[in-house]
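Next come the structures, one after another.
Both complexes below contain subunit A, partnered by subunit B and then by subunit C.
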Partner chain A sequence: MPSAGEAWRDCFRAFYIHKFRAVLGKNRLIFPGEKVLLAWSGGPSSSSMVWQVLEGLSRDSAKRLRFVPGVVYVDGTCPVVSTRRLRRVAPRTWPYPILGSPVVMIPFCLHLEGAACGQSREDRAKTLSDVKRILQTLGFPWHVVTLEEVFALPPSVLRCSAPEPVGTVGTYKVAVDSFLQQQHTLEAEGVGDSPSSAQGEAQPSQPCTQDPQDLAEPPPAAQTEALSRLFDSVKTLTAKEELLQTLRTHLILHVARTHGYSKVMTGDSCTRLAIKLMTSLALGRGAFLAWDTGFSDERHGDVVVVRPMREHTLKEVAFYNRLFAVPSVFTPAIDTKAPEKASIHRLMEGFLLRLQAQFPSTVSTVYRTSEKLVKAPRDGCASGPRCLLCMCSLDVDTADSATAFGAQTQDFSQMQPPTPLAEAGAPTVPCRSAEVGRAPNCCQGTRPCRREDSRARVIKQLCYGCRVNMKDVPSLDPLPPYILAEAQLRSQRLSPEIQEYLLENSDDKAHTSGSGAWGPPEQEGKDGQTVCDCINKNIFN
Partner chain B sequence: MAAPLSVEVEFGGGAELLFDGVKKHQVTLPGQEEPWDIRNLLVWIKKNLLKERPELFIQGDSVRPGILVLVNDADWELLGELDYQLQDRDSILFISTLHGG
Partner chain C sequence: MPAPQCASCHAARAALRRPRSGQALCGACFCTAFEAEVLHTVLAGRLLPPGAVVAVGASGGKDSTVLAHVLRELAPRLGVSLRLVAVDEGISGYRDAALAAVRRQAARWDLPLTVVAYADLFGGWTMDAVARSTAGSGRSRACCTFCGVLRRRALEEGARLVGATHIVTGHNADDMAETVLMNFLRGDAGRLARGGGLGSRGEGGALPRCRPLQLASQKEVVLYAHFRRLDYFSEECVYAPEAFRGHARHLLKLLEAARPSAALDLVHSAERLALAPAARPPPPGACSRCGALASRALCQACALLDGLQRGRPRLAIGKGGGARDEEGPPPPPPSDPGSAPGPADGECGAACKERCE
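Here is the complex of A and B:
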């Protein structure tokens, strides 16, 4: 970019916009009139993306974008309250003399800080008002959701819905032609030519609609604390970041489904995707690279995630935002000011960017590699089980326990001491081995099996990458209820299949239909760790 | 012998967090033997403006990879990076691209 003269700015701008349009046009996935949800984090890349869409819809754009956008902003995506930070911040926000004991300080600070790390309630409210101000200038529907709302999500959000029939290139052309024809007809009839009216639906006259859950009040403190508790319980920053990403994805997916959006656009830039590719490899998500870093991600079925910013580097984004005054809102994230080796994400980012400084083709090379990844053919949603959290097809053999990997993933050394379980419904059943005879590694009838059941149940339904993450989550209790409920539902669905393997025994039947925690009977004998397998053993022996 | 310089130093993209949240700093650099260039400026910033975590801003004698430097809205790579000699009333902007998405 030459520094002299002003012409280069126009050239840069044209190039930047062209790249955005070209990515959309090349892939031909977004049909005219389709509802597309823009996931805006407030950061530079997604702000730039929203700005591009805004400009693309404006009247004097030569080739106007033809889809119907909405924006979603997830508030409070920094739900960590570390002890160290508490001690530093507390003297500033709490005027009373602080007693030395951390046990005394923490309850006070949790109340003040809310769910956001380093952000007081006032800061969070201020950020939100900045966000809303920007959203109101956009002119299309916007939704603000708080991260705390994950506690109200239904288990159905984890299910893959049947996808809409995928359009081919021919279908796309036909759709575009008919859309243009419709436009001409409407214009001829004298109807206003805004994109929304051409849709033919009754669009609201004020496009600045707001999500019905108004955010005039902050979320209930109990939910904020529950969120903090969840993230505090996670041992490593890597796992925290992954969990946050997962929860945020579920939330956005839910918003999209609720409001009828069939596409979600995220602002992942070229640099970010290159870092994500390497990080995913390190996290054990190599099987899903094509979905995690490709242009389109159809794992959810009815809602497709697209990444239109994937050809823009972070440097270009920063320049564009600066030169053309794109508004963005800065919010501290979970990894703000984290040291270099705090998480795998930070490490990989530092590695790639340092390499890039010396070898400027690094990022583009990694990115081009990601373009070459091919998705394994799939016949549709229902083929094979899906990971409970990331919703990709399971890359582990669920019955596999004969290998070292299988034994590794069934790690019961982290068993928690028994605490009252919050699960409603079925009564606690003591381990049967106490009656029938002792089996090795059993709890020996002193405590209920259900905690190990529920953890094993969830772990079995995760892909390899998510299982590795869960190792850093010592207890599944703080997880939002929809995850545990869906895990339970899925394993109960399995149990009728294995009914036939079990002997007719009224007590055992009742227990089976209640917990359904065991896998296929082939596992018995190979996996001595499973507490409820001891029941199996006792039945078959 | 370099005369004192008055420059505007600005931080964006999250880098301001390391400077007490203050984005714009109007700075007067004292007169000194060697001419002022970006290299010296970084040393000066580290000593006088940077409030915490220097390793998140400076690496070696340059900025951390991922931090863009613009001088008068132009990429510093075109101006010689660390060797660019500052002039009076220049505007130097440091944008962190590492934060957010």
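Here is the complex of A and C:
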């Protein structure tokens, strides 16, 4: 860092804060007085974001921020991690050791590799107390939720609610003007900025709200165990990370909806978003890149996720946090200490950061390309069924199309008629569970099993990327009940009038191509609606 | 432990496991399935109508060999006739041996072969000459940039010479996956917008081209070539190590280790990308010099050759100069001038077919 006097610190700070404000101001999505939930993970970027908001709301900031913040922290990275260590980011990004005084560090504690639940209760409680200590200094309403609470979520969290009527730029300006006018009036009347009228500042003396479940008690052991069981059953780290991300998103969404927040801010930095874009690409989420990495993500309808830190690189965040003593809490992530080849996320991160060392504009190039993506499905039909897990419009084609999806659902090696040496009589396709190594207490291949139907039902409601992830989840039973309940509800909604005609055991699956992980092939009906495969078997041609 | 029975014919012993599904198949059933899949791609994508005269870009490598072989098997069913077109870029120590392989194949399959050479088409400029011309500037030589663009022109010329109506190339799923990764890493929004389908329909007088092997993974192509005992040339191009594509290829190998379906997942992503209208290339016109399809006054081939003739080989490379991208202001100069991610690999809408193995 240049050491030409101390003036550079002020310049850097001004530049950093300006970027934050500029991103918010340019997009004009956050209206004055709006309730915004800050998703804080304890990590550097989200800590920096929370700090920016704190400073931005203080009286002496140049132009005060006008929204009403709250903070949410999701506790629950325990499911997999067995050892704790600093996340291994490329050395360049962290030029100074992150052991300075303002950063709260958990002392190293080695567990045996392969322990099912990494953090012991004591460590978890300690992390929580550190988290709470920081949250209490903020002065905003804060919510701490444990990941185990996913088992108590209602199915409605997966539904896209109607969005609030969003105004145009004109409306934004009008809203700002009227807000300012209201402020002036209040000040003129000598009321001052009382919390009730201004809604813009939480008094430090205001008791901090928190969830009804007091966190002095840890979550019930049954739930923790169920969570461990779920994550242990997932075969690859990639799928685990995706699942964790999905569950966390649903949890935060639920908190936002319950407490009336219409916006959620996440602290994704430019570097993280570039990595996320490339990762999403590799996971088959090319259709949704604009939602996954853009400034605003409106897929949930009433709650909009915004990413105000998207123009800050991880390096800048690190410097800022170090220079200006931004408190953060280190919590081990699901892939801390995992080898680099373990998951697509880690691979992509390692690759991009290494390439960045050789071509210094890699991250910014990827980021700039991400800005050119638009939120439009390629064939123009925006209103279609939505993915059960990620809530984006489904991006799967018909099974016999000349596309990557079609290629993976077709199976031409089964088209051979069985020779006389094969089993005579009705050919029974071995139960798929034997092939993909699922629950051993299945039918042992004697008949196509019911489990397959319910799994196929869920798979059919997922987008391509989520389907690929589910291939690594051998059984859907450990999933939290709200997911399965919503899947059940949606499949019934699809075909109510034929429900009564459906037989429970659909026999003769010999012509099913590509069921199992990819779901039964979609058949296009007259009006473009998909017809459940089991119906076709009952229809005599 | 003896191999299991073939899952398809239940008669022979399985000889391989399909990389995609893990299914155990005997050689014959696998090849049949592979051919059926390619047929399906062609039919479902409506790539080659009956009566088409198809120019197969034959390099002697495994992909074009497999492509030519499969299409030859399917030609009666599709009702198309085939011509082999090979391009001689003038890379000594590489292309001569590859061309020998193509000639052997043409003789064995009894297909007409036409060889077009850069030296004839482009005023004496072979790739070796281009490499000498672009060397020594301190930056990468960008040979693949020239080669990719010029080869496509050459292929088009060759196809016209034989009276073809369609051009097919042997790009497989791994190629397309690498292409989309590479285009993102280099920020090539124009190519991202153009790519993703099974080929291009051929606007403005250009011949329609397609990639029937696009949904087949590289491993399966190699397996097919093995089981059909095809004779192909498998060394890498002399200039390949310099290509930026190498990074994308390395990344794809890593991704496939973590998730075997990575290549097809990337192809799916590429199919579904939605780019802003401003990022898309403008509707194509005709090159003012040679009349070929071009999105600017000069087609890229003419622009590159122009630069070479003038002794300024980088004239048409990169942004801000007769560049292929439609970006507005040029990006800020990279902090390290010798290592900018300058377009070091030739792309114009599809993958560069030459790859290091």
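Just so we're on the same page, the second predicted complex is superposed on the first by the 388 of 541 C-alpha atoms of A that agree within 3 Å, B and C clash if a C-alpha of one lies under 4 Å from a C-alpha of the other, contacts with A are read in each partner's own complex, and residues count from 1 in each chain.
Keep this in mind: a contact is a pair of C-beta atoms (placed from the backbone, for glycine too) under 8 Å apart; a residue touches a chain by one contact, two chains touch by 3 or more.
Because the structure is predicted, anything quoted here is derived from the model rather than measured.
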Exercise for the section: Report for A:Gly43: first if it touches subunit B alone, second if subunit C alone, otherwise both or neither. Expected result: first
Completion exercise
Per residue count on subunit A, the busier partner among subunit B and subunit C is C
Practice task
Considering only touches as defined above, state whether A:Leu314 meets subunit B (first), subunit C (second), both or neither.
Solution key: first
Problem - First (subunit B), second (subunit C), both or neither touched by A:Arg285 - result: second
Practice task
Determine, under the contact definition given at the top, whether A:Arg322 touches first (subunit B), second (subunit C), both, or neither.
Solution key: first
Practice task
Quick one: classify A:Thr362 as touching subunit B (first), subunit C (second), both or neither.
Solution key: second
Handout entry: Contacts of A:Gly267 with subunit B and subunit C, given as first, second, both or neither
Key = first
Exercise for the section: Based on the superposed arrangement, let me know which partner A:Gln183 touches: subunit B (first), subunit C (second), both, or neither? Expected result: neither
Practice task
Starting from the residues of subunit A touching subunit B, keep only those that also touch subunit C in the other complex, and list them.
Solution key: none
Completion exercise
Per the touch rule above, subunit A residues touching subunit C in the complex are 236, 238, 277-278, 280-287, 289-290, 341-344, 347-348, 351, 355, 358-362, 365-366, 368-369, 372-378, 395, 400-408, 410-416, 418-419, 421-422, 435, 464-465, 468, 471
Exercise for the section: Over in the complex, which subunit B residues touch subunit A? Could you list them? Expected result: 12-14, 16-18, 52-53, 55-56, 65-66, 68, 70, 72-75, 78-79, 93, 95, 97-101
Fill in the blank from the handout: Residue set of subunit A touching subunit B in the complex reads 1-3, 41-46, 267-269, 271-272, 314-315, 317-319, 322-323, 328, 330-333, 336-337, 339-340, 349-350, 353-354, 356-357
Exercise for the section: Report the residues of subunit C in contact with subunit A in the complex, numbered from low to high. Expected result: 7-11, 18, 20-23, 25, 29-30, 32-33, 36-37, 40-42, 44-45, 47, 173, 180-181, 184-189, 192, 198, 215, 247, 250-251, 254-255, 257-259, 261-262, 264-276, 278-279, 331, 334-336, 339-341
